[in-house]
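Chains here go by letter, A, B, C, D and E, matching the order in which they are written, and residues are numbered from 1 within each.
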Amino acid sequence: MLRDAALVAGKDLRLEARSRVALNQVAPFALLVLMLFAFALDPDRGILARVTPGLYWVAVLFSGLLAVQRAFAVESTDGVADALRLSGLDPAGVFLGKVAAVAVQLLALEVLLGLGVVVLYGADPSSVALLVPTCLAATLGLAAAGSVYGILAAGLRVRETLLPLLLLPVLAPVLIAATSAFESALGGFPGEGWRWLGLLVVFAALYTGLGLATFGVLLEDG
Amino acid sequence: MEPAVHLRGAVSLLGRFPALAGVDLDVATGEIVLLRGPNGAGKTTLLRCCAALLPVTSGEAMVLGHDLAGLTGPARRALRRQVGLLAHATGLYDELTVADNVAFWARAAGADRADAEAAMTRLELDGRLRDVAVGRLSAGQRRRASLAVLLARRPALWLLDEPHAGLDQAGRDLLDGLIGDGARAGAAVVLASHERDRAESIATRTVTIAGGTIVDDSVVGAAPPVATGARRAP
Amino acid sequence: MNDGTSSPGTRVLGALTLIGMAVLLAFALVISPADETQEETVRMFYVHVPTALVAFGAFFLTVAASVGYLLRRSEGWDVMAGASAEVGAVLLAATLVSGMLWGRVTWGVYWTWDARLTLTALLFVLVLGYLAVRRLPLERERRSRLAAVVGLLLGPATVACHYATTWWRTLHQGPTITTADAKMDGTMLFTFFLGMVVFGLLYVWLLVHRFRVLWLEHRVEDLGLDEAIAERRREAVGVS
Amino acid sequence: MLRDAALVAGKDLRLEARSRVALNQVAPFALLVLMLFAFALDPDRGILARVTPGLYWVAVLFSGLLAVQRAFAVESTDGVADALRLSGLDPAGVFLGKVAAVAVQLLALEVLLGLGVVVLYGADPSSVALLVPTCLAATLGLAAAGSVYGILAAGLRVRETLLPLLLLPVLAPVLIAATSAFESALGGFPGEGWRWLGLLVVFAALYTGLGLATFGVLLEDG
Amino acid sequence: MEPAVHLRGAVSLLGRFPALAGVDLDVATGEIVLLRGPNGAGKTTLLRCCAALLPVTSGEAMVLGHDLAGLTGPARRALRRQVGLLAHATGLYDELTVADNVAFWARAAGADRADAEAAMTRLELDGRLRDVAVGRLSAGQRRRASLAVLLARRPALWLLDEPHAGLDQAGRDLLDGLIGDGARAGAAVVLASHERDRAESIATRTVTIAGGTIVDDSVVGAAPPVATGARRAP
């Protein structure tokens, strides 16, 4: 299983190295979302400061969505979905491989967006002890849930519109929990933040479990 | 020995349309079965059913000793690992090179890099094309890459959907040779084709399908072709 | 035979439901007293809460049926999961609407972003997504499998929605019934339980009908199937 | 030209009538985006009320992006882009047809989101005299700019990620102007709103002109 | 009369790769030119250049009286309206029915509904398949729909890239008949194909391309085939 996961993740990262889609398109998009929000919310620092964590995670969410869409777009072209089913790869391995590849890209995005938030909105990242595990747990959750729905929609003609519809409500809890954890961390009551982190961990575990258990079923139907 | 493919009254629905409307077919190992019939007859559907890519709604269906009806996850994987399907779609990642693609799919099926290299050499993809992204290849070159994947996987059941399409003369001869070699090595081959002359010359048996049923089933050649790479059995 | 999806059993069920509805209305609107704090608006309670709880039950049935389908791959489970989710969606919509109306009266707004409300809305969207997957134009078996996996998720979402008031500080009222509330008047309690029973009956009644409709749709397809197969085989005439 | 436009728009609407993607997927997605923002911005009515116009337009923007993506996804499959180039259709006509089809869907989305905003955020739509023309001008601008970039990205392998990247910054002015116009209208100084409306009209005219002039070139490079 | 296609030293670059490396070719109206050559020789590239879908980097290129070098928008449209290309990709909307697709593309090219209906009837798509969404068709049925579009557009230059691929025997015969009819009605036909026997039987001339250049150019048949629907010219 782990061998298959490594194979799939390696393939995905090699694909990214050749096409540079995440680097050249998803990352700028993430920054763009951040800037757009700044516009939409008026150049009013008061509001911006208060809602920074929320905006950060909304930006992560939308650009993460794009990353997931891209990750499964490559599995949807010209019979690749069938080839994957016929490959003999362990579905759980494929799932873990996709999760790993997506998670790596998401983490890079988060760092980038973090810098963006610090610069654009003037946020102040101090309580790293909470921020880092929050990011890790949220990333795993996003990647796992994204992969479950990504493979579900892969190969469907309506993939581009169905995936966001299915994925966003599922990711809403991640958004809320991560935002709240960040707020607690930045606002100075990490106690509550740890509870939200707990929720994120539960979510990530839930979706990883779900993916491992059902990816076979989903892949069958790719 | 039990047949590689054994179908009795197999029905397969696409949506509500019975693309297969009761098919009886047995394919033994070492056989090269040509599947012919008009457009929309159900050839592609039949091949996909054999690869367990489409469900058989009713009827008996055994492939390589596995009953397709009660196929659990691991058994399905084991079955599919032994099946090579050459479809219209090539199943390659456009943005990866030929070498990367062949290596990935070969290793996914448990073969190693050496098998992948050998397959590429066999299909004459080891030159300039090796490091060209698949998305840039010509139609026939792409088919060759897809064939290389099939070869590297060494399947026990070859399902070929119009395999000659797009290949040039040399490629066709090469393919016929590969099919003959595969059959002689004990693989069962089912190939759907409209290229009568070409396909009949390598097939050991011709099956005609129309309206989702087998309407004719006759042995053509007495034995699989003998010489490796022989363009046409005499 | 009858020409609908009803049978003597469901007709009795339907009659009971309708009578129950009438009785419930009488109790909810007339017989039960007004609340001390909520005054007349408390009457919303008898629709709001039973529909919510029955909807939750419906989603659990969907989850169970989805698991059943994944294990057994039998069509009955799939149809059951779909039918239950459909009826559940209608009931949850009733919860949302009644809650919003109630909120307008007691809180002054239709909606606010409190955990219970948010999770209820999310649950509703999840159900819509589930039903959207069920409507995808795919082969029946493939669609059933995809739907079953999506259906599993209704479970955790429902649980989270139920415990929302316990886990988070909410504007929305916390558990009222289970925490043996002294303020609850006897008639009110009875009306509430009556509501539960009546909406439960309504659910079962609708569920049976939806199940039969969906099942019959499949059977009709299967009936057409023999004809379709025969017709398909006729294409073969003359080819060889 | 108008005949070609009608042909293309008719084809698109027929496609939607058959596939129901806008109805079943894009519309629920729009509502979802609205909810997501509300989460991100804290359950704090004060903020929500102040930023309602911005959120409305961000939601329109994202779901409009999806609509554009869908509208040009159908032009990207299996050689359709080539067929379109070979068709002999007037590029300006194709452009107008796509704009019309996208605009119809956007208007429907806007009405829906409008209802959503009124209900969810408790916004109060009163100064219709300004709101309606704002919506119309903004819609035309979105559809025109969306079609220009949509055809540019159609047929590229990286369409799904490239389109949002190109389109969002271009649409930022629409977002700002429409938001400001709405704020003025709702806030009770329509005078300023009319100026923003003017900007929207200019934008729409600009992109319609650009599309008419350059669609031929873009179609060539599809 | 001036030739339908006139190329002198035509070079076409795909990325940095010279897929055409100096091609000289003339095709007169009424001619049926078979383009053959190994995979990757540049056949598809050549056809796409003639449809003005790919730029000719250097050399002379005239198609239907238009110089491809200085082609302005309206002239390019006028040219393309007269060109029919049958490529590997069918250029059909998956979610629309066969009838809707054919009608749309026919009307886009200035033909009317009656032409579309006639073309569908000619390709035997007027029965059950008429109202099936194209995405559900079999490979060969899809090709037929694509052919119906070409037919309804009545082009003056037919560019056919492996047109027989995927078609069944009846479809092949039908296609050969259509090509003959088209040529007799004054269209110029260039077809790239690997199916030697089939293609040579209808071609009036065979051109071999390899490595992006023409290596052989010889007249095969004396005149275009005579009988409509004749399977093989004797």
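For the reader, a short list of remarks on this structure follows.
Operating definition for what follows: a contact is a pair of C-beta atoms (placed from the backbone, for glycine too) under 8 Å apart; a residue touches a chain by one contact, two chains touch by 3 or more.
Here the structure is a predicted model, which is why all the values come from computation and not from measurement.
Using the mean of the Cα atoms as each chain's centre, the chain most removed from subunit A is E.
Looking at which two chains touch through the most C-beta pairs, you get A-D. Remark: subunit A and subunit E have CA centroids separated by 46 Å (rounded to whole angstrom). Measuring from the averaged C-alpha position of subunit B to that of subunit E gives a distance of 29 Å. Rounded to a whole number, the gap between the C-alpha centres of subunit D and subunit E is 38 angstrom. The set of subunit E residues that touch two or more partner chains comprises 88, 94-95.
Residue positions of subunit D touching 2 or more other chains: 19, 25, 28, 32, 35, 39, 42, 157.
Those residues of subunit C in touch with two or more other chains are numbered 118, 122, 125, 129, 132.
Every residue of subunit B that touches subunit E in the complex is listed here, in rising order: 14-15, 17, 37-41, 44, 88, 129, 136-141, 144, 162, 164-172, 194-197.
Those residues of subunit A that touch subunit E in the complex are listed here as 157.
Listing the residues of subunit E that touch subunit D in their complex gives 51, 53, 73, 76-78, 80-81, 83-85, 87-96, 100, 104-105, 107-110, 133, 149. Residue ranges of subunit A in contact with subunit D, taken from their complex: 19, 21, 25-26, 28-29, 32-33, 35-37, 39-42, 47, 50-51, 54-55, 57-58, 61-62, 66, 69-70, 73, 77, 157-158, 160-162, 164-165, 168-169, 172, 175-176, 179. Considering their complex, residues 11, 13-19, 21-22, 37-38, 41, 54-55, 208, 210-213, 215-216 of subunit B touch subunit C.
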